[in-house]
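Each structure below is given as structure tokens.
Note that chain A is present in both complexes that follow, paired respectively with chain B and with chain C.
== the complex of A and B ==
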């Protein structure tokens, strides 16, 4: 029994969790948890402010990593065995259908949650100074998520996969000068074939996930370094922000920054450098308002995790991942559609290839990346930023409307059809 | 705040556990395990002693699959259809019943789906039988299964499937090639039929289509050939058998079945009657072949056909370089041949042709081979409806010499011709004369023209 305790204490070297010291040590003695602060502001925990969308996205990514690695044991990335492996997952592999369904639905959910997370960050103005760069990292993560979903789309090697990728890469090829070459490099040829499958596979299981992991680390790290989870700063009492403090400069040089007194707490590297940090800090008054991460934040995160996992599992039990006929380059479905999140672009392409293939996607990405640097309005109060909110809402609604039209209202020949046509076609 | 958090977390964890258990349960109780259990019980009934019974019942359930790389498929049908090759299951209920009359097409070498269709990879009833979305090759209805024989047996008669032979014959004689390409030969007015069987149209659709093309696909240029039901069925069989899938050398090497008919064809081709007689009819250089099968074993005859010198040193019989199935076919023919066969063969042989007749005969064959008869009729009578073309139908060829010179006709065959319109404002007629210069050699065209001229009726005759 003594030995058991000795082993346990060699692993967990902290005071009991009943003490404040123990609660703090749980966080900063643990390599996995120390990205958290030991204490968090109560208002950071409010569900209605963040909806925990960042966490949910991260948890979906964890589900995708685990199910994805499990699926790799059963998948060979060359046609036509790739398709046969899908059939084997469905008919022979123990829990194979369930595994593939979880991977599929979690992937779709992640695309949705990344987008919703971005909307939340925009509407709460959390991209503003000092968090501009983390917004940029977030936009890159959005693009990587779309890339992961898109490359994964091809792997089942069925008609859905084949033609979605054919159409998707065609949209990209409208870009002037580089478009065609980009497509050729991505596909390893002029059409989707064996070479494209192995390239998409390597991107899907090695390159893109590694980049996502690297950028996620930066994303999380910057949350801490930029002053912790975002919160409705404009609701803080005005008197705290009245006084201004000069920071970031030795005596004989021009000051780096003048900030509100509410941000004047110093985490200095004592005796090494002088100056004050550029991030939101917790004032002594607010400090009293903070609670220990354990158990308040950790249990909330754990509940978010369990809600995410159980939802995906429950959906996967009753809805199998779709699998159509084997890819057949000679038989084009009508209409051939890109993955749903690119259907807005395809809808635009149907009106103008230049608009949907080049102008719209390029502008969207550039605009998203530039938002924190163009929005010079320092206020985060919704009432002060009506223009920004209106513009972003139009952007979101336009995207949604185009995607809905492309998904439900487009039939053979990209003609306009009522959505119930698809239901009837499915039933036949 | 926070008091309720641990219980909620605990409840959610329990929910996750329940979901995992459901998933495991779902995966561990597939329907095929039930079928195997029933089969083992069926088997155990026949076992005499308790030990053997227990052993049968304790067989662990497992998926059975037949890997068929040569046919590019994996068939798991025998996971449930466990009695297919067990004759004691002759009277067992489905899905366990014995499949009689299979030899030589044993499931272990051929699987099931190559003949029956369906989804071999699947292991539950609905998916396996293929009546599910996104599986294009569902189980063939009983009436059409025999069409599958033609997938491997691409030439020659298939015993028990006269429809296939009839379908192939109709395709040639009715001139389908005129509009349809098959293995690279044929016109381009209708769709290429090289892989029609892989298009997975339903047999009923095909049969209906042959009876009334315009009813099934409105606006089709295909004329109604007024086929009988039997002919439509035969053509449907042929269409179903057309796949350009590579059947693998093992399967395609046996495509010619050594039937007596095929043997007789070889007998004529190799002119055996020049030396041999049957029942006294024919030449007397070699031995008479009537009853030769009683004097020698099939193996001996086979050896003789491979190398006559080896069996009879000094024999004057030449070596013919025949493949195994050709030799088997010849032996099969010899076993059934009578003096009457010989008389027919001799009579046909003595019917000598002049060189001109030979050219005309070749032209007639080309006329059929390239499918000209499809539109212009087997007797050159034309008459296939072609709306809005002058005369409203494809022209007869019985009077071309009145209107054209040979050179003009050669030109039309080479470059094709769009028929003059009846009503200039009307729609384009569905049928037209395609350009044949890429498919026919000049020699072919000349022969066809000779044939046409041989059939011309003088103007005065037709009045």
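== the complex of A and C ==
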């Protein structure tokens, strides 16, 4: 038994978890957990401040990685074999259809959660100094999520896949000057064919996931370096709120107080340099308001992970991922619709391919990226930022309305058809 | 090594490094541009004139073209690829128009845009007769919609 204990001790190398030292060592002696601080502020654990959307998004990404790798064992990216492999996954492979459904619904859920996470960060004004750059990283992660969805869409090689990618890549070709070449490089040809399938496959399973992992690391790292999650204003006393409101602002803020370390605490000091910190600092009374990550934060994360995984599994038991007939370049289905999160784009494109498909999305992305630098208002109080909240709400509502119109109000030939009217496509 | 030599060698080295990186990046982009396309040819034979009926156009699925044959005016070939976003249009015998299912573009009998977001009329391709009496279509050569091959 002593040998087992020795082996275990050699792995964990920490004091018992009943002690404060053990609780902190659990975090910072562990490469996987040390992304957390040893202690977190109580109010940051509140579900109703963040809705744990960042964590849920990350957990969905983990589901996508695992189910995606599982699917790769049975999928060959070459038409028409690709479609036959999908049929095998659907009907022959043990749990194939379940894994595919999990991959599909987790992908949809990830798009939703990334978007909601962005809304949460905006409405709590958490992108303000010193967190501007992390917002930019977040917007890039949103774009990568959409890119992963788009590239994954072609892989089943069914009618839906073929025509969504035909339309999507043709939108890209409207980009001025480089549009045509961009499409040719992306497709490896002039039409969606075998070259396009292998290119989308490489992007989907290698290049884009790697970029997501790299940027996620930066995203998490910056949360720590910016002083943890932003704190809800309403939880803070008026004085501290004032300090937070003005953090980083050019106003003449009093220099941050230095506090002598108390007797019963041990600090590892790396280096002493002059200058003010760029991250948010906490006062001694706030430190009293913090709790150990173990068990308070880890317990909540574990719950969020379990709820996320079981929800996706439950949905996948009841709803199968759709698979249409094999891609047929000669016959465009009517109506031909992109996945729902691109239907707003398709709605814009149905009015003008250049304005709706290139100019409007490019401006939207640039506006999102510029928000933390354009919004010079240092206040985080909702009352002080009415304009920002209005503009962002209009952006969110406009996107939702376009998606709803594209999803429910467009029938054959992209004609305006209310969802309660049933229309059959006209015969030739 | 004096200061002048250090600076000039340094500058030369920096320029070399930058051009090396630029050339490598260019090579990566060039690598992604395919030199061989495993795609259907742009120039192909579609069969004997007698294979095509008068009246409504014949749709060739693989080539994505409509072959029109008119008793008085001869053959014409129209592209079935919508000029908006590349969906395949359908020819409706009921109104003699081409309808795109993706975003509702409608093209007239001569390919002109009547309705919808399509920016250009449908393409018409050159059709010629080969020595062995077959019709030949060249998708690289667009012609006016009035073009006809009289057989």
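By our rule, the second predicted complex is superposed on the first by the 383 of 428 C-alpha atoms of A that agree within 3 Å, B and C clash if a C-alpha of one lies under 4 Å from a C-alpha of the other, contacts with A are read in each partner's own complex, and residues count from 1 in each chain.
The working rule: contacts are C-beta pairs under 8 Å (C-beta built on N, C-alpha and C of every residue); 3 or more make two chains touch, one makes a residue touch a chain.
It should be emphasised that the depicted structure is a prediction, and the values quoted were computed from it without experimental measurement.
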Partners on chain A (chain B, chain C) - clash or fit: clash
Touched partner set for A:314, first chain B, second chain C, both or neither: first
First (chain B), second (chain C), both or neither touched by A:300: first
Touched partner set for A:336, first chain B, second chain C, both or neither: second
Partner chain(s) touched by A:413 [first = chain B, second = chain C, both, neither]: second
Contacts of A:84 with chain B and chain C, given as first, second, both or neither: first
Touching partner for A:194 - first (chain B), second (chain C), both, neither: second
Which superposed partner A:95 touches (first chain B, second chain C, both, neither): first
First, second, both or neither for A:382, with chain B first and chain C second: neither
Stretch in clash, chain B with chain C, out of 57-65, 75-83 or 183-191: 183-191
Footprint overlap on chain A, where chain B in one structure and chain C in the other make contact: 426
Contact set on chain A toward chain C in their complex: 163, 166-167, 170-171, 181, 184-185, 188-191, 193-195, 329-336, 346, 349-353, 412-415, 425-426, 428
Residues of chain B touching chain A in the complex: 1-2, 5-6, 8-9, 12-13, 15-16, 19-20, 22-24, 26-28, 63, 74, 76, 121-124, 127, 133-136
Parts of chain C lying in touch with chain A, wherever the complex brings them together: 29, 32-34, 37-39, 59, 61-62, 64, 84-88, 90-94, 99-104, 116-117, 119
Chain B-facing residues of chain A, complex: 42, 45, 84, 87-88, 90-92, 94-98, 158-159, 291, 295-296, 299-300, 302-303, 306-307, 309-310, 313-314, 316-317, 323-325, 426
